[in-house]
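Working notes, beginning with the structure itself.
In this document, chain identifiers A, B and C correspond to the written order of the chains, with residue numbering beginning at 1 in each.
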Amino acid sequence: MITWYLVYRIIVDDIIFYPPIYQFLIIPGLIAALLVALFIIWFERKAAAFVQMRYGPREIAPRIGGAIQLVADLTRYALQEIIIPETVDVLPYILSPIIMIILALLPLEAVPLTSIRTYFPIPPDYSLLIAVALSTLSPLFVVLMSWASNNKFAVVGGIRESFIITAYELIAVLGFLSAAAMTQSFNIVNIVNIQMSGKWLGLLNPIALLAVFIAVLMSTSGFPFEIPDSESELVAGPYTEYTGLLYGLNMGGGYIKRWVFSILIALVFLGGWAPYKPVPGIITGYFIPSLIVSIKALIVMAIMSFLRSVYGRYRVDQALGIAWEILIPLTLAAFGLGLAEAYFGII
Amino acid sequence: MESSTSGSVVPHLPGMEVSELSKNTYEVYIGPAHPGSGHMRIIVEVDGDIMVRVDPDIGFVHRTMEKLAEGRDWIKNIPLFERMAILDACNITLPYVEAVEKLLGTEPPERARYLRTLLCEINRIASHLYGMGIFGVFLGHSTLYMWAFGDREVFIDLAEQMSGARLTHSYPVFGGVRRDIPDDFPEGARKATRYMRNRLNEYAKIFLNNPNIRSRLENVGVMSKNLATELGIVGPNLRASGVRYDVRLNEPYEAYGELEFEIPVFEEGDSLARAWARVEEIRQSLNIIDKVVDWLEKHPRENFMHEKFWKTAPKLYKDVYTGQIDYAGKYRVKLMPLFASLKVPPGKAFARVEAGRGEMVYYVESDGKDVPYRVRVVSPSFRNVIAFKYLMPGHRLMDLPAIYGSFDYFPPEWDR
Amino acid sequence: MVGEVKKLISIQDLLKNVLKDNVISIEQNKGYLDVLVPTEKLVESAKKLKDSGFDHVKSVTAIDYIAKKQFKITYHISSYLNEELSKYIIGLSTIINRDNPHLPSLSRIWVSAEFQEREVYEFFGITFDDHPDLRLLLLTPVIAALKPLRKDYVVKEESDDIEVDYVAYNTNKWW
């Protein structure tokens, strides 16, 4: 009995709930991201269908409102033939979607999801800085992807993507770091602990939240900034030459990026696991706080998805104009506001 | 591909067009398989993000209708020409019918003229809604697409009640129309117009006044009055540029001379004005439908077919047409027998009407046989397509859908 | 009705005044007024008509009179900006020989004729001299070489036998 118990403890403590694995693979990593994508894509379709006075997904499992539509879609992507055109640069063509997904998930390794010391994936002192820095890596592989595709639509899409990267990155970084200015800390645990009193940073500094929200929309090509893969003139932008599973990875990549950013937003601006105080123990100290953060992030994501049914897409120069002329001054103002609030001790 | 990179001689296949690209430009082929529209291709040369040369390459759904028409009976050409734009079927075939009527010297009875007007306006609304829906897709606005296509269903249903067919009605025939409206039609039509008027306000809210969409459309693809005239643009696109020209107004046909309606004219000439012109035209069409329905209700049911054709029909046909027998599943009622052996006196006729997308023009020449000698069709989209060549250069690549969609192109129509 | 006739007479007078001795004949057809001019005076007449307010081309029609060995080209023109003229449609016609058919292009005068002249070019094999961009528009080169809208081109019925159709398909293949 004892041995079985030990094996069970090892599996649970050292494998499943070993923080780097848990956060990368389970919550909020791969499995949660998959479930979230499942829900969000369903929600996006259903919400759009509700606005547009139609049913939305219904054929697969009509009793639960077509909720597992994505499973069918993923099965199709997984079973489809992967056609690799002759003209592509094969190695980067195949590798870049995979690397993109992995890098997109990487920021999750840097953020703590609880205040219990045992369950930190890495020492959390500079976790905000590291997470934001890691989040800037994956878009580069979209550019690489488009270059490797050797397709005109892909190249134009890749160029647009690189324009967008330069536009949103500064906003996202500055927006997140204004939280650091407010709390004088890069430690996400500290940032969340400060918000425990109900003073969420998103409420104290809504400008920063708004700027980050728009930057995330830009980075994940959500409406109204669905510019790199604007289908009406560029087919699928950087992903034009992809088929089957690789295309599925690309499509999922956008959602995973959005998910990771939503987690960051939930932690930094929306109080993290705020109303709940983690107490030692795997379930109460790790599972529940991570679940709370995930649910908050899910709400952020749902709001982003809903914008699809309201907006069209901006032109690329307009999006860049919004970013450089409106949002960057706005973010700087948010940074200043954060500093001022910190100075006057509001926080 | 090999040869172009190595700089050797390009193999010249028959029909291959080789054109030299200027330095630092990039040629993008948009189409012919396209997620937003049908079968069209636009060859765009971009310098950076700016389009420098735009070459509309059309003809992917060409069906040689002019040649086919020369081998068919006069009446059989009506269903043929309908295939140009099935969603605008009545407007598309009406000038052909009018031209042949001019050659035959038959005037349709008054009720038939009103019935034609009614279906024309229903078609116009359906066509505008279709165009707006596609426009929404082009700008990534799926909600407008779904709304417009959903609301189009209302008017397709009306057309079905009138003619028995959702899309290819073949409703106007020489000397009249195919059948009269059912008794409960006016009520349904009024309900539909009431509904649509409310919906138009909502369209304005979600699409035309949406800041995102406005910034995409305002001052994009500006076509001045002179340029529009020079290029011979037609339809709402012309009126959005400030030219007050509408066939319904300048040369009233059918019942338009007796009806009061306004022609919305906009001065801006940009893509937004073109979108607004469609919305305002829908509003006017709704008014016309109301008026025509009132007229039809007030006046007794009289003949809807010219006596010359009507008298050749057997009694059974007449009874069915006038609604005295419930014919469903019992009898097959065809068109008047005279149509099958119709010979049109020699002559040349030209007719124009204002179809949904603009002025539709037919030239019909007969040499007295049972088939036309020559039918020349010029559809509105074909006259609009030239605008892409002259309007798009200088805009950004992302403006292409904004301009293209605003013209309410329809490839099967311009290809014929 | 009387007024209309009067107006028609006046528009005929207007045309005669504008075109002077260029006109061979003016014929009142159903729905339009056919003005026949000699080919060499086509450009000049077009310029004069444009100056007098006919600002766009509605249709460029070629008709193959195979019995007379002639093509008749008609430019149906009208006006947008002049409300009085917009009620009328003028067919500016010219007759050319069926062998080696060519005539001066009017695209430089009316830009709206550009695509329609391209269409006539590919369907009839009629060359428009001085056209800015005379290329095929709708057809593939093999089909265009057959000049499908000429009367001596007979449309073959599609066969029930798929093999025959496939042969035809292969012979028409140009890519």
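The rule is short, and it goes like this: a contact is a pair of C-beta atoms (placed from the backbone, for glycine too) under 8 Å apart; a residue touches a chain by one contact, two chains touch by 3 or more.
Since we're looking at a predicted model, the values are computed, not measured.
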Looking only at C-beta pairs that count as contacts, which pair of chains has more of them, A-B or B-C?
B-C
Chain whose Cα centroid lies nearest the overall Cα centroid:
B
Centre-of-Cα separation between chain C and chain A, whole angstrom
61
Where chain A and chain B are represented by their mean Cα positions, the distance between them in whole Å:
46
Whole-Å distance, chain B centre to chain C centre, using C-alpha means?
23
Chain C: which residues touch two or more other chains?
none
Give every residue of chain A touching chain B within the complex, in rising order.
48, 51-54, 87, 152-153, 156, 223-224, 226-227, 230-233, 235, 308-318
With touch defined as at the start, can you tell me which chain B residues reach chain A in the complex?
1, 26-30, 34-36, 46, 49, 136-143, 146-147, 150, 206, 210, 212-213, 215-216, 396-402, 405
In the complex, go through chain C and note every residue touching chain B.
29-32, 34, 55-59, 61, 63-64, 74, 76, 80-81, 83, 86-87, 89, 91, 110-116, 123, 135-142, 148-149, 153, 155, 174-175
Complex contact set, residues of chain B against chain C
13-15, 17, 58-59, 62, 64, 66-68, 71, 99, 102-103, 225, 228-232, 238, 243-245, 250-251, 347-352, 359, 361, 363, 365, 373-374, 376, 378, 382-383, 385-386, 390, 415
